[in-house]
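A, B and C label the chains in the order they appear, each numbered from 1.
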């Protein structure tokens, strides 16, 4: 693909990203089938804005996020990062020392606050790890930075929290530590994988507000992965919907929620319970479907469940993502 | 505004090493409280303390109350007594049982003398030190080998895993005592060599599988992934995140290793395969070589104290290991 | 509507190595036949402990300190094991949290339901049991042929339905559902919620539905009870809880849920954290986080008081709140 320099405020551009996992097979045997966890996904994240990646579990959103931080190596595709110093870099291609350097630009916040902190390491050890691993600053600098960051994420006074162990913290506090750890090396971009889904409701808002505040303050963009449309609406300016490894719709948040075009998005929106007993909602009924995209058929992935599908949808390849105006993109033949 | 500029306004006061010391002491105290709850552990610890006292007492006694020419465990010889081995001097009818030149004090030989005229109690006490050393050394080697092997094979998987697991299978399959007998006849074994060989063989053996399976669960934990996202090298992840979380598990097997090492030494000494001067096993071996082993209860003092010491010290470590279970595995603690 | 279940001043503690945790403190509610009560609150608020107490399924270190649970004129708290067997599953059945993991992987789903049937309904033949299971499966929307399959052959949503079928198997009067849809994706959740509500109405069963998600509770419950730190803060008809929340915590909870409908509004954080129940706050347990707390709130625990003429003895209707300064300027 062409490598153009993006001067339009794009921070990250993902093109044709794929991740296929072999099923069966091993050291001496080739796998016969594959899980097409992420299949040809493309999107862009603007500077100063956040993109919500929405879909049910197993749709490939977490895998996509992990590829952006190179926890998985993409099977194919590009992840173009617009870096202030070096210009454009393809994160999918970098290796070795260069990869280590670019890890400073992209960080991740994990879903489970109880698993993302090493139980034997103190808060200080956890937050300082990126600095230590990247060899930034000496001990005094590092202590100061950790203390400063703990203050910023609301764990004040920093001195009392610095040397606590994870089991002495609540879920919300642990997630704040995870946020501090992600921010300490000054990334431009953070992948947040359902960071609030395991937290209590009254804590959730605090953490989400903190993330927004920090995003504004430090000019960080998020790829916010979630299954909860309401949370995505609150946190993100744009939303992309994934289904079985494919992107089916992408638009600005309010536009997507007001005028969903893809049948899956419509079904999703209609299925969200409303916190108001007087309002009724009409669910768009779709048939039950398969869980994992193993060796998917060559037609539209949503064909089996779609209430509007017809023979055309069955006889042709999976539709491409097309712009229907104003940046609202859909992958559907029926729109 | 980047993170670096925003954080250099907070001062941290206490030096890091002192904090770590304080934290280590606190976690030790917690561990001790839990350990204390189980009477088994305290009994085991008490027995170990008893043997420890024995080991310390020996050089003190030699220096003060026991003349070395009589009481040295290797070279001593009691000229006062005509026939060796002789029974303990405090039994009733000592005068008739023991043929001596002069009447002897009741405390002269609390456990009698061996066929070569040396004081049995002295032998018992002096051996304690080397038994401890053997056990500790073997345990240490096992922990180091087992943990490293488990962590590395789990982390890298693939070919490395396969090779080491097959070696491990081989080691498990080999019958241990015949192997040691063969090795003992080929090489000149000292205590230290035995500790090393035993430690390595056990390190490769069955326990590694347990450690490896634990390491496999740790490998996919979010904090390991976070370390990789921060840019941590493979070595860093293995030794900072995997190994410390594996050590408690390895520690448990350590206790069992001490038990077995002491026992194996006794067996090998019995077969005369170890080139060491004095140990509890040697004591039994001498008894057997002089033909007193399978005779009646008359010569109980020749082998019973040594045998009992072996059993007691082994059980002591085993009991401590069992009590450590609750400390190491939080789920086994009482609510 | 006739009164089915009456819980009065239920108090429950857990004994831990660090001391006693006051998990449930003087909670009262009533349930009428066919009525659906939703218990909403954060983790640690006591909602799951209450239902475990209802089924007498408390762990070893759980102790009921006070209160009674009247079902059909008998106190569940005082029952012996034989009497409990008659109550469990036949009068009250439960769908546990993450129930999809509550199925034993080495038996077929049908075998597990038969086990429940044989235990609680004496004199049921295997053929009758299978027939009953077929009916139940159809009721929850599963193909009866799946009865002879193993749990791993079911998807998450299907397993949840199977567990619901198991709970319904002895035609209980009351069904307790403890966060049955947390691990499911939103479309499957929607289907199951609809089905549960339909079943509850068709079979005229009373239901206690537990969740931390107020949107889900709003959709399935006739009445809502808001719990905080082991106490019931407020209880009223669903519409009243949303229209006229009186307890500051209820009010804060409403403002803490983002919604995809309506205007995108700014959400308000509730500062602080739920209290540690080993050493709960004095007086009203919400006072450390309450913006309207005064001295009396710190000193004395507010009673669970009826509002606007609600009955003191029958808690199946009416609005109740435990607060010294309820919002909306209502006098008690």
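Please note the rule applied: a residue touches a chain if its C-beta (ideal position, glycine included) is under 8 Å from a C-beta of that chain, and two chains touch if they have at least 3 such contacts.
Source: prediction; values computed, not measured.
Steps from subunit A to subunit C, minimised over paths through touching chains, total 1.
Summarising the inter-chain layout, the chain whose CA centre lies farthest from the centre of subunit B is C. Chain centres here are Cα means. That of subunit A falls 34 Å from that of subunit C.
In terms of their C-alpha centroids, the spacing between subunit B and subunit C amounts to 54 Å. Subunit A and subunit B have Cα centroids lying 51 Å from one another.
Residues of subunit B in contact with two or more other chains: none. Against subunit B, in their complex, subunit A makes its touches with residues 27, 66, 69-71, 100, 103-104, 106-108, 110-112, 115-120, 122, 126, 129-130, 133-134, 139-140, 143-145, 147-149, 151-152, 158-159, 162-163, 178, 181, 183-186, 217-219.
If you check the complex, the residues on subunit B that touch subunit A are 1-4, 6-13, 16, 19, 23, 158-159, 162, 221-223, 225-233, 236, 240-241, 244-245. Contact residues on subunit A toward subunit C in their complex (touch as defined above): 56-57, 170, 172, 200-206, 208-209, 227-231, 233-234, 254, 257, 267-279, 283, 286, 288, 291.
Across the interface of their complex, subunit A is touched by residues 42-43, 155, 157, 185-187, 189-190, 193-194, 212-216, 218-219, 221, 238-239, 242, 252-254, 256-261, 264, 267-271, 273-274 of subunit C.
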